[in-house]
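Worksheet: the structure to be examined is printed underneath.
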Amino acid sequence: MRIRNTAFASIAIAALALTGCASGDSDSVVSGDADVNVEDGLVIDGELIADKETYEAAKEQTLSLYTGYQDANQKAFNDAFTADTGIKVEYVRDVTNKLSERVLSEHGAGRLPADVIITSDYKVANEFGEAGIWEPYTPLPIEGEDELQHDDGDFTTFANVAVTFAYNTQLVSEENAPKSWMDLLDPANDGKIGLTTGTAGGSSIALNRFIQEEVDPDYWTKMAALNPTIFDSGGQRQEALARGELNVATAGTASVNVAVTQDNAPIMMVVPEEGLVLFSFFAGKVADAKNSEAAEVFLNYALSKRGQSAISQVGDYAARADVDPPVSAGIELPPLDSEQVWIMPAEDELEYGAADAEIWKSAFGR
Amino acid sequence: MKITIENLQLRYGKFTAIDDMQLEIGDRESVVLLGKSGCGKTSTMRCIAGLEEPTAGRITIGDTVVFDAEKGINLPPNKRNVGMVFQSYAVWPHMTVFQNVAYSLKLQKLPKDEIKTRVMETLELVGLEAFAERGASLLSGGQMQRVALARSLVMRPSVLLLDEPLSNLDARLRDRLRIELREIQLEMGLTTVYVTHDQQEAFALADRIALMQDGIIVQMDKPTAMYNEPVSASIAHFLGVSNVLPVTASADGDYTLTDAPLTVTTSQTRPAPGAQDLKACIRSEDLKLARAGVAGANSWEGVVRVASFQGSSIRYAVEVGDVALDVVAPKGSDDFVVGDTAWVTVSPAAVQVLPEAVTKRADLTVGAVAA
Amino acid sequence: MTYTLPPSEQQDEQSTRAVATSRGVESPAPKSRNRGRIALKNLRREIPSSVLAIMFIFLIVLPMIFIIIAAFSTAVPRPGNPDVGTFTWENFAILGTDRGVQSIINSMIIGTGAGLLSLIIGALLAFIAARTDAPWKRFIYIAGIAPMFLPALVGALAWSILASPTSGHLTLFLRDIGLGGGINIYSYGGIIFVLGLYYAPYTFMLTYSSFAMMNADLEEAASVHGAGLRKLFGSVTLPLAVPALAGAAILSFTLAMENFPVNAILGNPAGIETLPTYIYGLMVGDPQPNAAAAIAIALTAAVVIVTVVQQRVVNRKRFTTLTGKGNRPRPVPLRGLRWVATGFAVLYFTLSVGMPMIALVLTATSKNVYINRFMDLFEGFSFDRIAQAIGQSDFRESMTNSIIMAIAAAVVGTLIAFLASYVRYRSTSRLGQLLEQIAMSPLAIPQVVLGMGILWVWLSLPFPVYGTIALLVIATLAVNMPQGYRSISSSMLQLDGDLENSAVMLGAGRMRAVRNITIPLMRTGIVSTLLLLLMLGLREMSAILFLYTSDTRVLSILVFHSFENGSISYSAAISLVFVLLIAVVAIATQVIGIRERKFKDASL
């Protein structure tokens, strides 16, 4: 028996040693100069985020968040939220479809632990509504502004994510860098283009629609001829670009921003002549959420000026028009109403999503 | 204590290991179950122990019915007070000799002093008193065997079962332990059932031998009777009769070898007329070799084909007609060599003509109690 | 005509058995009035085996049934999804699509390539370690098994850092010293290389004992008859090892074919899709779970066929060479090649353990994440990233989850394996053999597939298991059942059943006898099974790919996740801790193994 004890003891010691290590503070992308006032409820930069009763309850809770939002951005946003409100967040980030499958299964089994869900796919959010997953909630800062609310207030536009492309600055000089979506079809990029699967999630839905409407219906076929590498996730795609395995790749402006400012990744994004492609992330409160108050505070914060500018600071477009466009990797991006910004109309997905995905699939033989 | 076995049957699927057995073992009697491997002797013992569950029948030890298929009685082994010494000894290597022997007494929650006295007494009986504190994995085969015996004896079992306890030992040690075992058995007045495939062991240890073939007791007798009067040729062969020759009865009351034109005469009891598949059984030491023929019955001319020196005797293979006879002759001055012509003779009294196998059971209902 | 002395006892025994068997058929059946009672008695006897059977149904049988249902249905079993769907063959159409066919071909290429490579590396190392006079034999043995403790997931991650086509550390190093590029781990060759590297320990272990215990008499007989050393090896030694070699090759073929993490990490950038990654894609990216089930069935069928063929080959060729008795085989003199042989082991160790670990450390600690010269790596180091990784709450949670899951799966798995083995080898239960077959069946079921089935089973059952760590424990239990069962059974078979019986004869109840005798005597077997399952549980990833939820992520998933999210340096940092944890368990296992050998040597 001594032997067994020794073995367990050594494992336990290893575990303790590891978990006992101090947590490191990361440099925050979001500036910390918010004016937080907790005298009567929670007021940040003059906007009411939570009344006293709600805030008192929420402070004791740990919010459980399911999100399809980019990992690094979500992390930065959550950090800002926790710093400003003192409410902790536990989140799980996964690709849209896996997240949706999980939410539907867990909800069906009566074990959905999430208090707030963020997804980029209108159709998925719509299905959640049919399954009774949402509890309609209007965030305090946007009361009366219906254009950000969908499906009778089930969920709210939380952020707009810009899809563009980026290039590796060590492999492509600035003057040779592509300026438009059509430039990507340069034969020099043969085998050096990175894409993600065109069938998963809001970004591909928006990009597919944009390509059909604004660029060239045969664009994907022409792209396929250049043997692009198709990744399962955007993270892998950007890592490959940063490591110089690709010349160019489609990219989210926010994650480029994080990689450039935090990790000194040798990549740079482009504002294409045809435009940046924006698609929305939707956030909603889960019915019977265990941490209901924390969920409300989170949604209020997310749609507050402070929360929205946090989104802008991580490199994404805010949902609210009264917040400045993001500066990404040193480039000031065009405002929401610019010609160079194309926003995916959320409800259009139901009409075009499947057909556009078929076009993409047949182009790439998937 | 008395053991009564009635209508015992043990089947594994379609295979029948024990077939409708009747056996009664008297108090303080030592019965040896003798047979080849696979004959059902070990199965019978394991049924008595409770390690096998028979498919039918009844087993009674003393006055306790330990198994009855009809009434659904099946006393677990630990409730039968039966001691058993396994072929592999099954001495526990993670305990000392003392701990091994004391195990059953500890289970009975006896006071420590009493345990100690009884264990030491028993160890003394088997001659291991000096080894009490030794780890059991450090013992020799013979010592382990003694520990296994002591372990069973210390609990004062109603019945002691021994499953080929000597088969893993070398010949010399086997001879010695065989005698010791018999002494202990007689001294303690134990009812024992002993399983072996070695007829020497059986002869030495048994009050009665139950000879088993194919799940049936084919002969049950005292050792001398078994030796002198086997009831079938296959039993004779098993008991060491090496010349088993197919014969046919001739009209004059003699027999003719099936494989050679030779006549065999016997003065022993003859099988019933009309019996089929007869064998003449002659022990190799009863055959005599001579340079010249002898007048009278049972004298045949042959050629020596193999001669092998065995110390005090010489073993010959003598070809007579198409039959090879096994002859053991004491070493003398006039030994035969390969190629010699030799006359083989045997007294009619040493010839037994037996059926190849018996079909009737030898199951006894009344056991003769040993003197 | 030859003359012999009387026939030996042995021949007689055989004939007796034959007679006994034929007699048995004729003997009468038990009387009919006994039947009811006997049935009742049998029922009582089958209680433990029935409990096990029910467990196995939930662990292994039901998941496979769900996969089959899903493959032939239009809908997937899910709570809140009331309609079961209708019967259809449509799902199998996916196997005929270009993508489906390509995945099958890719899986075959990769399985075959990796199987052969691991066979060559493993068998060669085993031969060198077991039978030659090469120096550093102890090291060669360690080199042969050490990569086992590096999960293939981590190996693939490290090799993608080392040998990606433009920025891999090794690629850059070779380019910087003027040796050109040309290295690309994202290729068939790369995947085969990494899989071959990390499955070689399995072939090593399977063939090592075969080489080491090969009866020297057979070889000596051949050399007495004039065979030269070279010829001896070709005509005697090698053919004798064939069963072990074939078994090992096929095992690594199936392992490579059903591997998920390596195919995902290295295959995705190359556009090489295999059956497991295709299943993953159909479950996660573009959800068509029914089609995924159809592919799962195809993959399982392939693995089952290969496994059956393997068992045939191995069983047919089982001449008794592995007696273990007799003298030690003489070492083969390598002469000038002695150091070449050792060099080969050093090279293997460097490629499988040395370089990957260095790459992980550099990536986790170097100030420069993105480099275009090899020396950039050494411009500065900091442990910030590791500290940050360790400080992260999701890391701590995953670590705790990993440990809880592995310990729970190991303890319960050992218990079930012990029970199953006991029922099989120590009781008269008729279910014993069937239970054994079920316990061993996950060997022929790809882990990803079993995981999928378990997902659907527990989503559909009205027990609140989905979303808890218990579900991960269940999956880990199921996929590692064969290893646990085999490990316990080999230990139980070495133990004479009469050791326990004699305690019962002396008055102990059955449970007490098991406690006093069997368990203490099997202590080493039980503890090493426990540690084996602990290690496998810590490494587990493929089976729980679809099962983890927000609060039940484990380290392997976290490594894969951070890789998928593009944080290579973060996942390198986690991998280091992960490997460290596995190493602790692995070393404990080895230490116990050595102690046990010493104990045995002493007691002989």
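Order as written gives the chain letters A, B and C; numbering starts at 1 within each chain.
Here, a residue touches a chain if its C-beta (ideal position, glycine included) is under 8 Å from a C-beta of that chain, and two chains touch if they have at least 3 such contacts.
Every value quoted in this text rests on a predicted model; they were computed, and no experiment measured them.
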Chain contact graph, described as a line, ring, star, complete graph or other shape: line
Per Cα centroids, the chain farthest from subunit C: B
Centrality ranking, top chain (CA atoms only): C
Centroid distance [mean C-alpha coordinates] between subunit B and subunit A, Å: 86
Whole-Å separation of chain centres (CA-atom averages), subunit A against subunit C: 38
Computed distance of Cα centres, subunit C from subunit B, in Å: 50
Residue ranges of subunit A touching subunit C (in the complex, touch as defined): 1, 3-4, 6-7, 10-11, 14-15, 18-19, 21-24, 26, 64, 66, 71-72, 90-93, 95, 97-98, 100-102, 104-111, 113-114, 131, 170-171, 197, 199-200, 229-240, 242-245, 255, 263-266, 365-366
Contact footprint of subunit C on subunit B as seen in their complex: 9, 11, 14-16, 19, 36-40, 49, 51, 53, 55-56, 69-70, 72, 74, 76-78, 81-84, 86-88, 90, 92-94, 103-104, 107-108, 137-138, 148, 151-152, 155, 213-215, 238, 242, 305-306, 308, 315, 317, 319, 324, 326
Subunit C residues within the subunit A interface of the complex: 78-81, 98-99, 164-167, 186, 264, 268-271, 281, 283-287, 368-370, 372, 384, 387-388, 390-393, 396, 399-400, 403, 459, 464, 466-467, 523-524, 527, 530-531, 534, 549-551, 553, 563-569, 577, 580-581, 584-585, 588-589, 592, 595
Subunit B-facing residues of subunit C, complex: 1, 3-6, 9, 12-13, 16-17, 19-21, 23-25, 27, 30-31, 33-34, 37-38, 40-41, 45, 428, 496, 498-499, 501-510, 512, 516-517, 520-521, 603
